[in-house]
Amino acid sequence: QNALDNVLKAKTIKIAVPTDYPPYGSVDKNMKPQGLDVEMAELIATKLGVKIELVPVTSANRIPYLQTRKADLVISTLGKNPEREKVIEFSSAYAPFFQAVYAAKSMKLTAFSDMAGKTVAVTRGAMEDQELNKVAPANVDYRRFEDNNATIAAFVAGQTQTLATSAAVAGDMLAKNPKVSAEFKLLLKDSPCFVGVAKGETALKTKVNEIIAAAKKDGTLDAMSKKWLGKAAGDLPV
Amino acid sequence: MAAVLDQPQTEPASTFAAPIVRITALRKSYGTNEVLKGIDLDVKRGEVIAIIGKSGSGKSTLLRCINGLEVFQEGSLTVDSKPLLHESAMAMRELRQRVGMIFQSFNLFPHLTVGKNVMLAPTLVKKRGSMEAASQARKLLDRVGLAEKFDAMPDQLSGGQQQRVAIARALAMEPAVLLCDEITSALDPELVGEVLRVVESLADEGMTLLMVTHEMSFARKVSDRVIFMHQGRVHEMGPPAELFGNPQTAELKQFLSSLHD
Amino acid sequence: MAAVLDQPQTEPASTFAAPIVRITALRKSYGTNEVLKGIDLDVKRGEVIAIIGKSGSGKSTLLRCINGLEVFQEGSLTVDSKPLLHESAMAMRELRQRVGMIFQSFNLFPHLTVGKNVMLAPTLVKKRGSMEAASQARKLLDRVGLAEKFDAMPDQLSGGQQQRVAIARALAMEPAVLLCDEITSALDPELVGEVLRVVESLADEGMTLLMVTHEMSFARKVSDRVIFMHQGRVHEMGPPAELFGNPQTAELKQFLSSLHD
Amino acid sequence: MNIEFDFGAVLAEWPLLLRGVAWTIGLTAIGTVLGMIVGTLCAWARSGGPAWLRAIVGTYVELIRNTPFIVQLFFIFFGLPAAGVKLSPEVASVIAMVMNLGAYSTEIIRAGIEATPKGQIEAAVSLALSKSQVFLRVVLPPALKKVWPSMVSQIIIVMLGSAVCGQISTEELSYAANLIQSRNFRAFEAFIIATLIYLALSVALRRLLNWAGPKFFFGR
Amino acid sequence: MSDFSLWDILRNLLMALRWTVVLSLIAFVGGGIVGGLLLFLRLRGGKIAGKAVGLYVQLFQGTPLLMQLFLAYFGIALFGIDVSAWTAASVALTLYTSAFLTEIWRGCVASIPKGQWEASGSLALSFGEQMRHVILPQAVKIAIAPTVGFLVQVIKGTALASVIGFVELTKAGSMISNATFQPFVVFSCVALLYFVLCFPVSLYAKNLERKTHGRRA
């Protein structure tokens, strides 16, 4: 039996979403998950006609969730890269995601080479970690945290000099924290978000792709992106 | 003190012939240390035996083998013609109902009243009703002179009183044989007498007794036979008058004379 | 047993006149319970004083006041003409270097060898080198007859040996006065002698001694003066022959006669 | 679901693991030494100090003993900067471990101190030893000896607790395991290996402490 | 996302505190039951079972609870068994608690004098009867204080369930901290709530201990 059949039979789908990654996923006053990823998850559940069960995950453990079938789908700012493609499958992209490096306004940071010797907060297992490794000098002092809560808290608290994270996340953080005088410094990577599906679950993947394609066509994706990220989804890879 | 007791243990004369305890070539070691080196002993029904000997000679170990508290390696042991089988929990429970034991350190159950201490085993093992067990306990406590302590806790009693409760507790199982291991050694001298008087009354009433004791005058007065143990063996054995009056071996002579120091 | 000891405590005759310990109108209470009710006492250099009296009469408290283990409320106390000042830790340490004390319960330090027990205070307080302290410790242990126990642990010694180590430990600070509080009371009778012999040799060599004791014959033999305490007061005082031979007060008479029971 | 284990993929990252072990040992060593010093000082204060100091120490001990280590760690690392105290993850971890062991060993050592017979102290005082000499030379060694088994257990608990320090990016063993699994997605294997290393460390640490206690702290 | 007032923070933390309490109770009750079974095995199950229980205890006392949680969460699932964060946290905490409790209780049983076993044995009581009527009533009295004391460790241990995504007090704290950017306030509240939960239990355990010691002295 495949995952899609199981989902339809059980009439519920378990979807892993972030709760530490505003505006993609965080909690509201009542500790309810909210955000772009959450809305995307709800959309998929609705289109499948099943109930949704949201599973809060962190960057470090979202792939094990899929591997161990603790979730049927991962909708958690998941970027695509070859290492990941070895262990899970990806749908088409559903939202844009820019990774960037942030630092205090006063700091001179115009090229990755300027990061030499500086501390940087990243989330363990997130794409930023791997991407930064490729472009930054070897002597960057990485501070890796378990989840994005910790990464951002560490930077906000001044525990690190720079922060590598999603542009949207950082924008949200800066908007809420006027005291932190940080700004966008370097673009790390444009790595849109995909829905993660367990290896071999082609039926489920196909179904998800259909839903994404339809949503793209009728403007739902753009609307979601406008609502949470402040701009349209733009061109997304299939 | 000597009150009336229903005595199921004295049985028809015809069975008197068979020994109630028969020990044959019994050997027991702790690790490599052989503590009992071949013991042979027949105990007749109603007989009172005193076991004497130096510390470490194996007296306690012998008693503890008889009611199965210790496992022995060689030889055999029968009680009432039934062999002691360590593997069978059922058989061990049977045996222990026939063989009671009283310890140097009383070992009353501190969380139970005196009455409950006496009643515990009969209600659990013999499935007596609690009314019946209570009335038996009262009788037995009366017999050891402690009728009024039924509801007392053990720690409210003197050592001598505790030991008498322990005797009543053992009697409640109506054992055929009673083993006593230095039951007065932990008592202040002025309390020894009250316990020995109870034991003497048991002997008078025909209970089979095996007792390890350092009270030589008591052993002499009460016992039918005295056993002198030395280095894990029965070194000398005989009626008290003979053994104390005319010891045959140098070891016994030395032991007896050392007691007068 | 009486070995040679360098005796820094015997000083030129000229200073003999001033009392080494002078106690004036000393009063001490525990809460509302007045335990010492005005004590006056001068102790001459080299004098041996025995303090006797019933339990609770304040004997220990008096000794403990002298080396500052207890704080008193009224009166004054000087040692070597220096007043006892409880507020000054420095002054208290000075005092205690002049006044040694030995306790009923030995109080050896269980984690240190016998030798280290003796060496501890000289090295810490007098800043002796460890070589020097060790050789002094050996001498002192030899003096109390325990030279060969230098490396033993306290719990390997008998009570009498432990108490002799405690004496050596006190002597290592070369005190001018030694206070002994019933130092043989915790010992088995056969061990009392060995400790008393050491104390006697100290007395013979001119050490100033104040000792609370229940050993009347020893007090009679060794002391220059006996003090009978009663209800927190010095009730009678005098040479031993007088005090024991011809007690003046009814209380002392009663006390002495009670000892023969 | 078919399971294939690939321990090799995790073991291939041995430099990371080794680094993690080194950090775990380092944190534990510093935590133990400083923690016991803090514990000893606090035990002294609590059994013989002035009332106000006793109250402060008492509050410290109860606060630590009644809140989880991970919360203490988060508080120090994420919370304190808001109050102007910025600490690196490593320093924050060390402080949390020292505070933790300090609080527990205060109670442990105090129990030992209070079991010291009064006569021991009086004998030492009447030998003219100063207050601190009495404490360090006469009271403390037998007290430590008495409580050493509890002390060893507590130190091991603190060592195992250091696994939590990875949550604030101190690169100890559990951090290494987490980093490895987030790279090669071999979560089970990484955690099994880390767990076995912890087990070995705790066995070794117990041996070491049982040997070191008598050797350095309380004689034979 | 809307702004949190202090009351919002506290309210959400209090809601999460429920799960800390529930998880503690599960761990404590489950650990107690498993610990009791292990104790029985250890006393009665012969040499091999005794050794096995000893190993079990050493395994759980010798490895971090954090690792046990990770393994329970990601490890069991590898065998095709679906474990939620609830199950994993309950299982790991139960096993962890049982290892400590069985060890605590074994000490209590061992402190009952041998004479009690011998006296009851020679009265022909079976092992079960000895346990039920003679040994346990005495051992339980001694065991209450350290057992209650250990409850505090269990409550604190549940904090680690946050690392497998279980939203109890600590996890709620870090989520709120990220939504509010007020870590000092949030973690102060979190610590305070744990303290309010644990301190009375600690005090109670201390009182019990004083009582049992007083009684024995």
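To keep things simple, chains are lettered A, B, C, D and E as they appear, and every chain counts its residues starting from 1.
Just so we're on the same page, a contact is a pair of C-beta atoms (placed from the backbone, for glycine too) under 8 Å apart; a residue touches a chain by one contact, two chains touch by 3 or more.
Everything numeric in this text was worked out from a predicted model, so none of it was measured.
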Steps needed, at fewest, to go from chain C to chain E via touching chains: 2
Co-neighbours of chain D and chain B - touch as defined: E
Fewest touching-chain hops separating chain A from chain C: 2
For chain B placed onto chain C, the superposition rotation in degrees, Cα atoms, nearest 5: 170
Far-end chain from chain D, centres as C-alpha averages: B
Separation of chain C from chain D, taking each centre as the mean of its C-alpha atoms, in whole Å: 46
Centroid distance [mean C-alpha coordinates] between chain E and chain D, Å: 20
Computed distance of Cα centres, chain E from chain A, in Å: 36
Numbers and ranges of chain A residues touching at least 2 other chains: 61, 64, 68-69, 146, 150, 153, 157
For chain D, residues that touch 2 or more chains besides their own: 1, 78, 81-82, 167, 187
For chain B, residues that touch 2 or more chains besides their own: none
All pairs of touching chains, each written as two labels joined by a dash: A-D, A-E, B-E, C-D, D-E
Of all residues in chain B, those that touch chain E in their complex: 67, 69, 89, 93-94, 96-97, 99-101, 103, 105, 107-111, 120-121, 124-125, 166, 169-170, 173
Of all residues in chain E, those that touch chain B in their complex: 113, 115-116, 118-127, 129, 133-134, 137-138, 141
Complex interface listing, chain D residues touching chain A: 1, 77-78, 81-82, 86-89, 166-169, 175, 178-179, 181-185, 187
Chain E residues within the chain A interface of the complex: 1-2, 4, 8, 12, 15-16, 74, 77-78, 82-84, 163-165, 167, 172, 174-179, 181, 183
Residue numbers on chain D that touch chain E, as the complex places them: 1, 3, 62-63, 65-72, 74-75, 78-83, 156, 160-164, 167, 174, 177, 187-188, 191-192, 194-195, 198-199, 202-203
